[in-house]
Each structure stands twice: as structure tokens, then as C-alpha cells.
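Next come two complexes built around chain A: one with chain B, the other with chain C.
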Partner chain A sequence: MKRNLLNAAVFAAAAIVAQPGALLAADTIPVGVIANLTGQDVNTSLQMARGVELAADEINAAGGIDGKMIELIVEDSEYKAQEALTAATKLYQVNQVPAVIMFGGSSLMIPVGELAQQEGKVLINTSSSSAKLGDYPGALFSILPLDNIVGKELGQYVYDKGARSIATIVPNNTFGTGIADAAGAAFEAAGGKIVRKVAYTEGQPDYRADVQAIIAAEPDALVGVGYGDDSRTVFKNARELGFDAPWYAAYPSIFAVENEEWMNGKLSGVDNGGYANDGGAAVLAAYKAKWPDEDEPLAHIYYGYDAMMVLAKAIEAGGVESAEIAAALPSVVESYVGATGKIVWDDRGQRIDPPLDIIEYKGGKFETVGTID
Partner chain B sequence: MIQVFVNSIIYASEIAIVAVGISLAYSILRFANFAHIQFAVVGGYATYVATELGLPLILAVPASAVFVGGLAVVVDILVFSRLRHISPEGKMIVSWGVALLIRAIVASIFGGGSIIIETNTTPIRFAGAIFTSLDVIVVSATVAFMVLLHAFLYRTRTGSGLRALASNYDLAVTRGIPGERMIRLMWFISGAYAAIGGSLIALETRLQPNMDLIILLPVFAAVTIGGLSNVFGAVLGALFLSLAQNFIISIDFGSLVSDQSWFVPSQFRDYVAVLALVLVLLLRPSMTKRGAN
Partner chain C sequence: MIDFAIYALTLVAIWSVMAISLNIQFGMTGLVNFGQILPFAIGAYAAAIGVQYDLPWWVGAVAGLVAAPIAGILVILPAGRSSQDYWALITLGAGEIFRLTMLNVPSIAGGADGVTVSRLPDRTLAAGLAVALCVVAYAVAQQIGNGPFGRMLRVIREDETLAATLGRSPMSFRMRVTVVSWAMAGVAGVLYAHVIGYVAPTSFLVTDTFLVWTAVILGGPGRNIGVVIGAAILILMSVSTRFLAEWSGLPSDLVANLRLAVFGLILVLMFLFRPAGLFPETKRVQNVDGL
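So, the complex of A and B:
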């Protein structure tokens, strides 16, 4: 944690040094970045910001866009909606950035998406997956696929694995309930039955009663999502109370595993994939060259990288104004194959048909064991 | 239904052992000490540190109790002993300030993230209820420490002295009971019990600097229900509150009006504590007066 905070501070300091005043030089193109450099989920957010930084480095090293360098202006959302709005307002109105690349959950992304639409600006989402993000066409574009797509694949995957009755357990937010609804609908459509639904409020000291209710319902498997300390606590309660059924999840890689031995072979699910290509390998190499002492990067670095790259291509193709970027983005994406594979958008600028992997927790780490076509 | 009773007893055990310390301090000094909750948090962290240093849990928890008992005495010497003459409200506000200071110190040492103390537990199924071997230890430990406290207060001269101070401080001092020394002893016991309670809660849940906010409401609700200055009333208050909270979240309200199940989400159990507090304050306005000890 200390190293994460230090990294965040160094990244923020570097951004401040790169932007000595509110007025930017005319030979730069300002791009806003909103990340939670403090608060919860700092590490994944920092990884996204590093992905953006790697892409900006690459673009600037190649001479920038029509000779203008990308200038990143980083703001901290603290993983709070109000702080995210404050950051976005500052970036759009004071710094006059045409576009912002953002990390954060749906509770942050949706209000900032509304603001971007009101301001006539562009917001590129790298981390949020609520189906409601599609309500801001022309303003909010997603590099990450939405919950309904991943949830649907998860529901079918669970049925294909042989489960015929499931319980769902998710955090009670748009991300959690979105996944639970989509996965549950797909599972029931395939012929399965949901015997218990749990949507827990984050930050509780324990989830004993929820886990007991799930055990009492005797499902073939447990399906859900989770992250951070809460997921660790849910696992702790489940382990201690003797829950022993398979655990299927959307984005299992963002879980905080509590007990490696107990978790081995028990957890699997559908996660974002597509990094096993030349683009992903190049980003990984650049990451290791720039931060040689850091651990393996998280998936979010690839989403940050692709967000910056498609934005740069849109600026190059359309122009530096927000409306020009919004108009150019769909067409440049069509021909772009990035670190997260080929990006296909629907007519709202939301990612469909993404490359998805099946991953399992084995030997103390996640392994890719298949892909979903 | 048995599951609800089992959960209630476990939760009540966690709350009660923290709550008795508040009642003990209130019975003599007549103010609600908010810093007491932080003593419980420090106790949890102290147990964690002790286990990291290699102590087995059975030694780590007593070590934590001694450390926090000493901390409570130090806080009294530095802060509360200088405020004996001010109003209970003033002392209560100062205690909140002490709590915030302790929380900041804990967060600066251990960071804001949560810590799970590793334990080897075994799941137990009994009469349809599911619980763990750790739950059995938590309940047993609470019962044992309550019996110990009862024996101390009612079977020893020192305990009688403490009860005399709680009953009438001035008269007890006039009769030769060393008031200040007994107050320090009271703080030590109060802090030690907070540490034991905080350790049990940490073992059952997780350690985080803001866990005081999670346990503050149920603990104070239990103390209020039981009568602020009634040490063993706090235990009954914890049991009553825990039963009410666990029953509320276990009833399938949805099936009463439709064929869909709907349960009150577990996080709403805190609002049961608020409701209980309001009811007690409405129905027992005299509860702030000196109660039987």
C-alpha cells in the first residue's frame, strides 16, 4: 500500500511538473486524466494512468500529433463521485481539455459522463462497465466492455460448467447488480435456477449472515463479482463457514484472494482478454523498461494505453476540438487493433464483442485457460 | 431460527465485552467515554502485532489487554484526570477528541487498508445452524471474562470498593477508599476488556482503522439499553440488541406479500440499533440517572 501511494504521489508530481501553469503552451494538446490516486483501488487506477502515460510517451517520441506534444493533466478523484466531478469540471472548464480519460466505477463515471455531455466534451471510460454508460452517446466512449456482455457470457459459462442452481453475491452497486442481473438472466435462459441473491453493502465488517444464507440454499455454485477488502472478507467468511462449491465470477482477477490454498482450483470466470497479441506485448515491454522494479502490470494498463491511442488517432484524423474528436472516434476505432485486441463499438460508442478470456485461480495465481469467441 | 439465535449470541459476545468497559467507567466517572471504542481498535491491532511477533493467540490477546489497559491509564493521567471537575458533556467531547487522535495514530502506523488475522477455524454444523470453532472460542471467552469480572466486583474487597465508588463516590472516599487509585484500576480493567473485545471482533471480522465507526453504534446502543451505569445490564443489552438485529435480517418479508423472497439487507441491522436507542430514550428517560450496580 505504501508503495502504491508513493507511486501515485510520484505520478501526480510528474504530471504537475509537466504542467507548470494553468495555461498550456500552444504547441501542446492537453489531455485530462482522472484517476483515484488516493482512496480505494489505487493500484489498478495507477496502472491505467501508466498505460495512458506509455501511450503519450510513444506518441510524443514519434513527433506528437502534427508536431504538437500530448500534455497529460492528471487529477485525483479519490474514488469519490464529488471529487471526480470537481476534477472533470476543472479539466473541462479551466484547463480546456477536449477529452478526459478516466478510471473509476460507474458511480463516478456516470455523473462525469453527464457533465461531459452537458459541456460538449469527450470522456473515455477505461474501467467502468455499467450498461447505463451507453446513455451518453457522442460524449462517453468505452474501451472496456459493458457488464451486460460479460455477465451474459458468465451466465452461459456457469451453465456449461454443469451448475444447475446458483446463488449470486455481489456488491450493491451498479457494477455488482448489473453483472448479477445479466449473468442470472443468461443462466436462467439456459435452464438454470437462482436459489439465492445477495447484494451486500460495501464496507461491512463481515458478511457472515449472507454467506450462511447462501450455504443454506445449497447451490451448485456461487456466482458474483467483487474487489478489494470486501471480497477478501466474503472469502474469509465462506472459507470459515465451510462453503465448498465452485465460485464463478466476472473479472476474477480483480478479487483480493484471502487464502491461496483454499482458493486454488475453486475460483474461475470470465475476464477481459486480448492482451496476448503484438500490441499487448509491446505495452508490456515498454512498461518493464520504464518501471523495471515494479510487479507484473494489471490489465488496466492496456485499457489506459488503448484509450490514449484511439484518442490520439481521433485528434489526428478529426481535429483537436471535442466535437471533431467525438465525430472521428468511431471511424478510427474501426481500423484500430490495440493492446486489448480489436475494438468494436455499437452506435453509442460502447464496446461490444470484446475478446474475453476464461481464467482460473491455480497455484496462487490466475491462469488463462481459454477464450470466448 | 436456531441460526438466528446462534448468530445473536456470537454477535452479542463481541459487543458485550466492549460494552462493559463503558459501563464501568460511566458508573464511577459519569461520562460516556467515546475513546473506549478506540481502545478496542488498538486492542485488535495490538493482538495482530503480537501474533506477527510470534506469540500464539492465547498469549497475544492477554498481552494486548495489558498493553491497552496501561494505555487507558496513561490517557487518564494525561487527559481525564485533569478534567474531573468539568461537566460530563465536556468530558464526553474531549473523549471524542482523544478517540480521533488515537485513530489517526493507528492509521499512520498501520495504513488505511484492512488486515485479516490468520486463524485456523473449523466449520461446525449443529441443529441446522452453521458456525465455526472460532465462534465457540469467542463466546466461551466472553462468558469466562464476564464471570471473572463478576467475581472480581462481588467477591473481592477491591471490587466492593469499586462498587462503593460507583454508588456514592464522595461517601466511599470519606470512608477511606482511595478514589484516584481505584479510578486508575477501573481504567485498566476497562481498557483491558476493550482490548479483549476488539481482539475478538478483529478475529471474527477484519482490522481497519475506521472499525470504531462500525462497532460504536451497537456498543453504545447495548450500553444504553442495559442502563448506562449497569455493568452486567450492558451484557443483557447486547444480547437483546443482537437478537433484534439478527431477527430483522432473517425474516423473509417478501414472502409475506408475494411469492418473491426479500430480506432486509444485513447492513440495515445498524438501524435496528438506532431504533432501539430511540425507544429506550423515549420509554426510559430516567436511564441517565444513577442505576443499580
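So, the complex of A and C:
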């Protein structure tokens, strides 16, 4: 009887999973999206998914690809590797999607990248920047540039701004430490000195101890990255503790600013330079039209949009099979200038040489004040 | 599609081993282990470190099998004379110390970057290994639970002083239980690493320990078949609600939250109306001479 119960549970699950694939109409092209819709860093992930949605809307409004509409199937990763893998296995095996667009850290992206390579499928990364992502050529393609490129420019920018000693504060993950290492190396190579390095554990309610350690080191400036609620908490703690040095960052536009007045003129850094072009402006307009009551979008919306667009162009140029998409992707990006600017990939499908701008936080929003060649 | 069902079965089997492991500790012996994820993580990291040094997979597996129970002994030694409250705190702290060490000392296993582990290329093989491990763990747990050793464990669980008056050392029994159950969880961790293909500190959070606790409480502490079914229900609910979400046609972010809410609601209702679990432990009457 006990064995029958277990068998019944397994077969019930099999019966459930058998259904959805049949729901996809033959005149649609299914595209998978994996985002952490629950768990950690939900807002930024949701923005990426909305960017994908805007691109799919645009493609479908123009008649789809060879008359077939894009059908998005969005799965939640819960910001857990196991759940991301479950979502990817479902999308690839049950929904039979040829490609998945994904938001998540390297601890999620790498196992899914490995799965994509094993299954002969395509994965487009919009958020992770670990050097290990290059280990899956032909399967994993990145819209976000690698850490070392942006970090190097940030380190030089900080030195050029006159800082000679810095402290770094980043989340203790691949993105944070990757940027901190690259920026620190460039800053020291220019002649600067790092007086304190802080890599904080994400998801904490308070970072006073970390901020106090930085204040005690008396740096000329603070250098870092951050996003979501954690960045808001770090800013709040710094403001309450009276920290007053300039704050330089990679991708400052993904920070969640806590106090506009205090942050005004204090935060600047190196960010993707594509947002300010016509493509970025069009995406912003589409976003505001579709979600008029929402706050200003985060930069991830542009990465999600570009991911969907290059995927659609690859399907159009190569075909709907994963192998055809993987073969077509490198050539279609050569002529694509999207919401994040021109995309240049190395031979592993990793983004290099992105357009970079200097942006500053002024009057409650970010303004572009320069460009990096 | 069948591949997805096989993958789900693999997860069910792995987490069932974890539930059986905790059941031996808590359900049978009364040990409140809030660091159940620790032996699992040790097993996974043993596999990962083995791969990092280009060692054959079995070296990592043996290392996980050996290291997890040794860690268990080290953890429970200071807790030997403590009450269950301290036991819970010590195991909880040990799990976090291990995770944070892995996170902050990249030279061991990549820190936040984690380590890529060779994934089992054949899903059926992975499922077969997981089910085989689950069957072995179940058989061992049944053997423990139904024999004189298991009866003494229940005496210790109900009244430690009574066990001592019978001339038994509760600490000795707890030690043996820890060695067996942590070895099970360690091997489950090794297999998990080769199924997921990646080991990083984010995979071994306190919340994962409570996933195992939920399976045990849901299934029925003290009943091996109950905790296996508890684990199966949890994993299959998590998997199947993805399809319900897809069918609903609601916005994806709303559905993602509703999915977890429904998941939580079902568990709350279960705990309200079946507080002893789906398969409560049956009362046993034994002659004390048989101990």
C-alpha cells in the first residue's frame, strides 16, 4: 500500500507535467524566461522580465517572426540553483523552448548554462558577469559585459577624479567581488591606495559595522556596486553615520537610492552608455506607456529587451531550432544596436567593448555627464 | 517530458534521504538538529573539491561519506551534556559557520564563485542512483527503528533519565545516531552536487534545513515512510505548482507569489488538522527485557 502511494504521487506528477506542452499553439514560438520573481532582488529581476515582455510585444505587434507570435513562458528561480535548474529543465524539456533568457547570479546561471550546453539549447544571460560564463561557448551568450571591463574603467575614473585612497564596499558575490577586484587593480596601477575592502553578506537588515569600518579607514572616496534593498540599507546606514565622501560605482543606475537629497551630487560612476541612445529612449517610452504608474525603470529592462531582440533576430535569420539560433546569434549581433548600445561578443559569446558613460546622480535622477572611449 | 519527471524523481529521492536522516535524529531520538544542511553541504563540497583537484569522482564521494559523520561527532561533542535547546543552537551555528567559511575563504572552494562539478550526463542514471541511495537509507532507518537499538532511541527521546537508569549511555546512542544519519546526508550531498553540477554557499542556507524539517513534520516524525512521503509532497508541490501557474494566465510575478502562498497555505492546513503528520508514529508496547 505504501509503495502504491509513492507510485501514485510520481504518476500524478507525471500526468500534471504532461499537459502544458500541448497548450502551446503551433503558430507561436515559445521563449523561456527565468527570473527570481520571489526571494532575493525581486525588483531588478522583474524589470528584466518586463524588458523581455516589451520586446516580445513589439515583435508581435509587427506581425511576429514569419507570422509566428512570440509566446513567453516565465518561470521563477526563487534565486536558488535547484529551482533555477528545475525551471530550465521544465522549459527545455516540457515546453520545448529553443532558448531561455535568464536573470540571476552566477550561482544560478552557471548550472543552467551547463544544462543548456548538455541539452544543446541556448541560454541568454542578462545579469551575471562571472568569467566562468565563457566556459559554455555556443550555448550561453551574455548581454551584460564582463566585470573586468567595467571595473577597470571605474578604477581609472576614480583616480582621475582626484581620489588617492579608497575603500571598496560590495555584496559578497561574484559580481561584487569581480568589480571590486578589477576596479581596485586599475586604481592601484594608477597610483592609488586601497585602505579598506568590505564584501558584505547580502540580505542583512543592517550594515552599520561595515560602514563604520570604512569610516574608520578615512578613505578619500568609496567605490562599489550594489542593487536592491541591500544598497538602500547601505546608503541609509552611511547617511545616519555621517559618511560624507564621494561614492563611485559601477552601474550606479541599478542602485536603489534611499534619500534623494543626501545622495544628490554624491554618487557617480561608470554605466552602460547605450541607454541614452534612441533605442534606450524608445524602450523607456514603451515602458512608461505600458506601466504608467510604476517608478522609473532600472537598467535591467534594457538588457532584457536586447536579449529578446537579438534572440528574435537570430530566429528570423537562422531558424527556430536551438542549433540554428546558436549559429545565427554571433552574426546578428554584429549589425544590432539596441537599448544597451552596440553589442560586441568575443568568440565565446561574452560581451566585450560595451559603450560606457559617466553618469551622476543629480536632482533625483541620473544624468549622463561624459563618455568613455 | 519524461526527462523532467525523472529529474523531479531524482530530487524527491535526494531530499527523502535528507528527511530519513533527520527522522533518525529527531523522529526516533529527539535530537533537534537545526543544522541538517551541514552534512549535506560537506558531502557536496567534498565532491566539488575532489573535482577541483582532478581526482576521480569516487574520491570525493568517499571523502563526503567520511567527512560528514566526523563533522557530526565534532559538532555534538560540546553539545553532549546540553539540553535540546542548546543542541538546536549549536547545530544551527555549525551549519552557518561552515557556509560562511566557504563563502569567505575562496581558496577552499571558490568562495562566492562556487565550484563547477561534473554533472551526471544521464538523467536516468542520476535518478537510479538517487532512488538506490534512498532505498538503502530507508532500509537502514527501518533496521534501526524496528530493532532493540531503535527502541532504546525512543526511550532516550521520551525520557533520557529513564534510559540512563537502564544502564545505557544516552550520549553513546546519540553519537552512533549522528554518525549514521550524517553519513546518509553526506552521501546525499555528494549526489546532489553531481546532479546540480555546481556547488556554492547559496545552496546551503538555513532555509534548506527547514525544508527538511517541514518534510519530517508533514510526513510524521518517527515514521520513515511518512517522512519520505512528506519530502515527496514538498518537492512535487513545488514542481507541479509551476504548471498550475502556467495554466492560470495571470501575470507571472503575481503567480510566482501566489504559488508560494498556496504552498504555505496547504502546509498550514496540514499542521492544523494533522499535527502529528500524515503518518503518525504508532504507539509501541515493548517488554523492557527486550531492550
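As a convention for this text, the second predicted complex is superposed on the first by the 346 of 373 C-alpha atoms of A that agree within 3 Å, B and C clash if a C-alpha of one lies under 4 Å from a C-alpha of the other, contacts with A are read in each partner's own complex, and residues count from 1 in each chain.
The rule is simple: contacts are C-beta pairs under 8 Å (C-beta built on N, C-alpha and C of every residue); 3 or more make two chains touch, one makes a residue touch a chain.
These figures come from a predicted structure and were not determined experimentally.
Colleague: Which partner does A:Val74 contact after superposing on A: first (chain B), second (chain C), both, neither?
Modeller: In the superposition, A:Val74 contacts chain C only.
Colleague: Name the contact category of A:Asn172: first (chain B only), second (chain C only), both, or neither.
Modeller: Both partners.
Colleague: Return first, second, both or neither, reflecting whether A:Leu241 touches chain B, chain C, both chains, or no partner chain.
Modeller: first
Colleague: Counting touched residues of chain A, say whether chain B or chain C comes out ahead.
Modeller: Touching more residues of chain A than the other partner does is C.
Colleague: What is the contact status of A:Ala216 with respect to chain B (first) and chain C (second): first, second, both, or neither?
Modeller: The answer is first: A:Ala216 touches chain B but not chain C.
Colleague: After the superposition on A, what does A:Val369 contact: first (chain B), second (chain C), both or neither?
Modeller: Neither chain B nor chain C is touched by A:Val369.
Colleague: Could you tell me if A:Ala87 is touching chain B, chain C, both of them or neither one (first, second, both, neither)?
Modeller: It touches chain C, and chain B stays clear.
Colleague: Between chain B (first) and chain C (second), which, if any, makes contact with A:Thr201: first, second, both or neither?
Modeller: In the superposition, A:Thr201 contacts both chain B and chain C.
Colleague: Could you look at A:Ala189 and tell me whether it touches chain B, chain C, both or neither (first, second, both, neither)?
Modeller: neither
Colleague: One more residue to check, A:Val337. First (chain B), second (chain C), both or neither?
Modeller: Once the two structures are laid over each other on A, A:Val337 reaches no partner at all.
Colleague: Which chain A residues lie in the overlap of the chain B contact set and the chain C contact set?
Modeller: On chain A, the overlap between the chain B and chain C contacts is residues 2, 172, 199, 201.
Colleague: Residue numbers of chain A touching chain B in their complex, please.
Modeller: Within the complex, chain A touches chain B at residues 1-2, 172, 196, 199-201, 204-210, 212-213, 215-216, 229, 232-233, 236, 240-242, 258.
Colleague: Which of the residues in chain C end up touching chain A in this complex?
Modeller: 1-5, 7-9, 11-12, 100, 103-104, 111-114, 116, 119, 121, 196-198, 200, 202-203, 225, 228-229, 232-233, 236, 238-240, 242-243, 245-247, 252-253, 256-257, 259-260
Colleague: Which residues, counting only chain A, touch chain C once they are in their complex?
Modeller: Touch residues, chain A against chain C: 2, 5-6, 9-10, 12-14, 16-21, 23, 33, 35, 37-38, 42, 46, 49, 73-76, 78-83, 85-87, 89-90, 93-94, 105-107, 110-111, 114-115, 118, 130, 132, 135, 172-174, 176-177, 199, 201.
Colleague: Which positions of chain B touch chain A when the two form their complex?
Modeller: Interface residues on chain B, with respect to chain A: 3, 7, 111-114, 116, 119, 121, 123, 125, 130-132, 134, 201, 204-206, 208, 211, 214-215, 246, 249-250, 261, 263, 265-267.
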